[in-house]
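Next come two complexes, and both contain chain A; in the first it sits with chain B, in the second with chain C.
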Partner chain A sequence: MGRYVTRRVLQAVGTLLLVMFLLHLLTTVAIQLNGNPAQAFFGDKVASPAQLAAVEQRFGLDDPCFDRVGDPCLGPFAERLGQYARGDFGTNLRGREVSDIVAAAAPNTLRLFCVVLITWLTLGMVLGSVAARRRGSAGDHGIRLTSVLIDAFPVFVLLIVYRYVVAVPLHRWAEETFGEDSWPPYWFKPSFDPDHPWATVVVPGILLGLAGSAAFIRLVRAGQLESYQGDHVRTARSKGLAERHVVVHHVVRNSSVPVVTAVGLTFAEALGGAVITEGLMNIYGMGGVLWEAVRNDDVGLVLGIVTLLAAVTVVVMIVVDVAYAVLDPRIRYE
Partner chain B sequence: MSEEARPLAGAWRALRRRPDTVAAATVVLFFALMAAFPALFTSTSPRSCPIRDARLDPQGWGAAHPLGTDALGCDVLATLVHGVRPSLLLAAVVVGVSVMIGVTLGLLAGYYLGWVDYLVSRAVEVFLVVPLLLAALLVLSLFQGVDLGAGTFQVILLPAVVLILFGWMPYARYVRASTLEAKNLDYVTAARSLGASDVRIMVRHVLPNAIGTVTALLPTSVAGVISAEAVLSFLGIGVRPPATSWGIQIEQGSEWVTGGAPHILLAPLVCLVATVLALVVLGDALRDALDPRLAR
Partner chain C sequence: MRVRKAGGTGPEGTGRAAAERDGRTASSRAPLLEVRDLAVEFRTAEGTVRAVDGLSYRVDAGRTLAVVGESGSGKSVSSLAVMGLLPDGARVSRGQVLLAGEDLLTLSRREHRDRCGDRVAMVFQDALAALNPVHTVGYQLTEALRARRGLSRRDAARRAVELLDLVRVPNARGRVKDHPHQFSGGMRQRVMIAIALAMDPDVLIADEPTTALDVTVQAQVLRLLAEIQAERRMGLVLITHDLGVVAGVADDVTVMYAGRVVERAPVRDTFRAPAHPYTRALLRSIPSAASGGPQGADARRPRLSVIPGRPPSPAALPAGCAFHPRCDLAGDLCRSERPPLTTALTTQPHDDASSYPRASACHFAAEVLASHDVPAAASGRPRPTGRRDARETEEPTDA
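Entry: the complex of A and B
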């Protein structure tokens, strides 16, 4: 087990280095083709060459390789890796440290993901189990139709409709019915409120979780259907175990393993969804910061956050792989 | 040939019998027609925007502005109709090229294994770590200043390249897996012992096994690209003005829902959902038809 984990971690470090190099290459090519990003610092104002040079130096863009198209700029890459190793992820255009911004924003993203994860697992386990249990019934077809419909409404559309069409009247209704100081009005607030982070994150989180839950429903259903036909279930039944016991211990538990991997696979997609969710709902999280950074042309901030999120994805993938290996010993010996 | 020997033909027959797939296919064809011949649906230009006509309510079919006008006075129907082409073209190009890249790499990796497989698998891993939307946000904001022109193809070039760059991996994975499975089957060994070349074995004997899974993915992938494009355009980094797209229209419309003109938002939103829903239904039906395990 220890060897498996070590191998997996080393592999992940390699992947992460390659990812950083890829992002670096993209940035370099963009600067070489696009001209000077230091200009973005001044917006529409015209800057003197001296001012430009000062900004270039501050953001580490003064290396001459950025003027030669096709040069991979290995020098600045090594420099940047060194900075990352020291925990320095650069600054945004206003000079605030990216690590500071992330430290302030990450808790809200974590809150969002808690809600998302709970939504995924609840919807997936409940609807998937019901569909598998009553295979072929009207309920099964209904659940299947639901999962197709879920797929057909991208997070983006759900959130736009919620924020611009549903949230305002709902918020007003909640205020009138429950009074201004009660909880319900905060649940339906169309934008994030830093004083009530949990309450205002619940509905966007459920919507984001809903969008990813179709995969879980299908997976749980398929897994449990397979279990129902397995020999161990037939044995358990013929031993005379209560059906309830069979379902809980032999079907649900056995088919839970693939669900763990699905969390890993859906996570990367959910990060993209989190950017949309946080951006549209003004949640001050990593995705919201990224959304604003794209709107403000703050390339340094975008690069820093995408790198960090890629690192997070790598870590999540390792954790999922290790969890999978713990749950299913066959994986370790591959 | 029997039905089992030709999965695609069997799938086609199964699909024609289902009313939901027929309806979904009709919707997709309708929007494809709109993309190809916008003049059939509207004679108004999306660029003529008299500001005094701003935010007119929908007037019904036959009137000057059947779906009303937006905040700048442009005809909503015209914008809608002319916005289909970039979205659908982008989706077709992205999915087409990604499938080609993914299938080729997956086939080579699964067939030759060794260092080819190592390189491809590493590349898949690296590109999978950066979520598609994040990569698109980064690259498109990096290249925002690059001007490529305003032709039909130029406006989608940049988003297309990014979405392809970070979108080919699933196909490579699926094809690699089914190549591994297929290459040790008896008839492949037979073909090899008869002296068939590697290329012939791959194309004639291994690839047909893998194509089913990939085909079932296609409609859903097209739907994914269409909604990704809407998000990118909403942020102003997808299809660029003066070209229009549903994403741009949704962005402009979202401000006016509470301002008394919800139709500016609802029209493109309904079209987007209809297209995506139709494609997802098609994908679902195709998955059923092509996956023998579900056919039991």
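Entry: the complex of A and C
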């Protein structure tokens, strides 16, 4: 087990380095082809050559390799790796530390993901289990139809409809019914409120989770169907065990391996979905910050956040792999 | 249904009804497990297919019944029906399964499985698939004891070691925490048997328990089954396609073909002189070891033969006798009329009063019997890898 984890961690570090290098190459090529991002610092104003040079130096853009198209610029890359290693992730264009920005934004994203994850697990396990248990029934078909419908609605459609059609009347109704200082009005607030980070993140989280749950429902259903047909389930039934015991210990337990894998994969995928959700609901989170950084040509911030997201993804994958080995004892020895 | 009417009058009554039907004396009690006129149907895209049609057998305490047939003959399906474990799309369309006189098929599915969990256990064919890969062997051994009899964790752990010891898994104490994939094939099948024994059943149904194993390991596992059965006075239903296995361990044999019983007899009589051409063909297709007997088996035995053709699909059974396309004795009568299972065939009296009277479903049963195709010298022990040989085999450590 220890060796298995060590091997996975080493692989993860390698993956992370590769991602960082690819990111570096992409941004380098973008700079070489599109010109100096230091211009962005000045917005519409025209900067003097001296001012431009000062900004270039400050953001590490003064290396001559940025003027030579096709040069991989290994020097600045090594320099940035060294800074990251010392815990220095640079600043954004306004001089704010990237680590500060992340410290402020990441908790909100994590809150959102907590809600998303709970929504996934609840919907996926409950609806998927029911569909597998009563396969071919009206309930099974209904659940399949629902999941297709959910799939057909992109997240942003759900969010826009919620925000501009449903949220305001609901918010007003909640204020009138429960009073302005109670919790319910905050649940239906159409935009994020930093003073009530949990309450205002619940509904956007549920909607984002809803969008991801369709694939999840089908996966749970398929996994459990396979288990139901397994010989070991027949063995369990031959012991005269109650059906509930058989379902919990031999069907759900055995189908949990692909489910955990899917949670990890969908979690990583949802990092992208969160950009839309955070943007639309004004949540000050990683997605929103990344969105702003891209719009402002803030190369340092983009690099910092994408690197961080890559690191999170890699860590989630390790957790998934270890969970996999714990859930299926056959894995460790392969 | 003349028999079903008597079924409600308790063990005494059912026993008598069974005795009447089998043409036996009325003194016998209700057998441990009795299957009467069982029929199982599958719903398929092509319509309803009858996989088992009119199977009857009985097992008493301390006796072994072998149910023999090729794949697709309905032998496994019938045992699933007995256990209440038929897959979706299959149902029992007729018949009774009497456990000590109580018809399990009239119970709800839950009660049916409940009874079977307590009194009838099943050993499945492929232990690797039949054991749950994600739970430890110890958990699976005592799962039912803990969930249904409320055994404490400590008692369960002790019982798990006892059960593994019982089936002679070496280092039982160290192995209860292992998972099924960490066992070899033979050991895994032993674990499977131990699981079946956990609830101390009265009847054990073993569905091809040795098919997935090496020949040497097969003999060990069979010997183990036979010993445990004898020790505990269990009834054993051994489902197999291998008549060689039957010779070593069974008392009675029921041969199935295309969902129907074609021959039923004490095992010794069957081997001495089979009463159905299918049984005879099966016996001829058993390979014998070259150094089988003192005179050498080859001298006495005709060339190893195969049964021509393939077993029919249950969806398209031939008219008349289902075996006639493959039978060397088939006449016009066989093609048009299905032979009933007739019971008045006993030619020589045998010492064992509790075994079946012989029965064969063949228009020419008398001719088959009279032909004595299988030499008398080979009777009772046609294949030296039976029980006798297994006893002499030293058990290698299988780890």
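Going forward, the second predicted complex is superposed on the first by the 330 of 334 C-alpha atoms of A that agree within 3 Å, B and C clash if a C-alpha of one lies under 4 Å from a C-alpha of the other, contacts with A are read in each partner's own complex, and residues count from 1 in each chain.
Assume a contact is a pair of C-beta atoms (placed from the backbone, for glycine too) under 8 Å apart; a residue touches a chain by one contact, two chains touch by 3 or more.
Predicted, not measured: the structure shown is a model, and the values here were computed from it.
Asker: Do chain B and chain C fit side by side on chain A in the superposed arrangement, or is it a clash?
Answerer: Once both complexes are aligned on chain A, chain B and chain C fit side by side.
Asker: Classify the contacts of A:Met125 with the two partner chains as first (chain B alone), second (chain C alone), both, or neither.
Answerer: Neither partner.
Asker: Regarding the shared-chain residue A:Leu61, is it in contact with chain B (first), chain C (second), both, or neither?
Answerer: A:Leu61: touches no partner chain.
Asker: After the superposition on A, what does A:Met281 contact: first (chain B), second (chain C), both or neither?
Answerer: It touches nothing on chain B or chain C.
Asker: Between chain B (first) and chain C (second), which does A:His250 come into contact with in this model arrangement: first, second, both, or neither?
Answerer: The answer is second: A:His250 touches chain C but not chain B.
Asker: Going by the contact rule stated at the top, is it chain B or chain C that touches a larger number of residues on chain A?
Answerer: Tallying touched residues of chain A, the top partner is B.
Asker: In the superposed arrangement, which partner chain does A:Ala215 touch: chain B (first), chain C (second), both, or neither?
Answerer: neither
Asker: Using the superposition on chain A described above, determine whether A:Arg330 touches chain B (first), chain C (second), both, or neither.
Answerer: Only chain C; A:Arg330 stays clear of chain B.
Asker: Once both structures sit on top of one another, what is the angle chain B-chain A-chain C taken between CA centres, to the nearest 10 degrees?
Answerer: Roughly 80 degrees separate the directions to chain B and chain C.
Asker: Look across chain B and chain C in the superposition and give the shortest C-alpha distance you find, in Å.
Answerer: It is 10 Å, taken between the nearest C-alpha atoms.
Asker: Check chain A for residues that touch chain B in one structure and chain C in the other, and list them.
Answerer: Shared contact residues on chain A: none.
Asker: Taking the touch rule as given, give the residues of chain B at its contact with chain A in the complex, in rising order.
Answerer: 122, 125-135, 137-139, 141-146, 220, 223, 227, 230-231, 234-237, 250, 254, 257-258, 262, 265, 269, 272-273, 276-277, 280-281, 284
Asker: Show which residues of chain C lie in contact with chain A when the two form their complex.
Answerer: Touch list, chain C to chain A: 80, 83, 85, 87, 110, 113-118, 121-122, 124, 126, 129-135, 143-144, 147-148, 179, 181, 195, 198-199.
Asker: What residues of chain A sit close enough to touch chain C in their complex?
Answerer: It comes out as residues 229-232, 234-243, 245, 249-250, 253-254, 257, 327-330, 333.
Asker: Taking the touch rule as given, give the residues of chain A at its contact with chain B in the complex, in rising order.
Answerer: Touch residues, chain A against chain B: 15-16, 18-19, 22-23, 26-27, 30-31, 33-35, 148-149, 151-154, 156-157, 160-161, 163-165, 168, 268-269, 271-273, 275-276, 279, 290-291, 293-295, 297, 299, 302-303, 306, 309-310, 313-314, 317.
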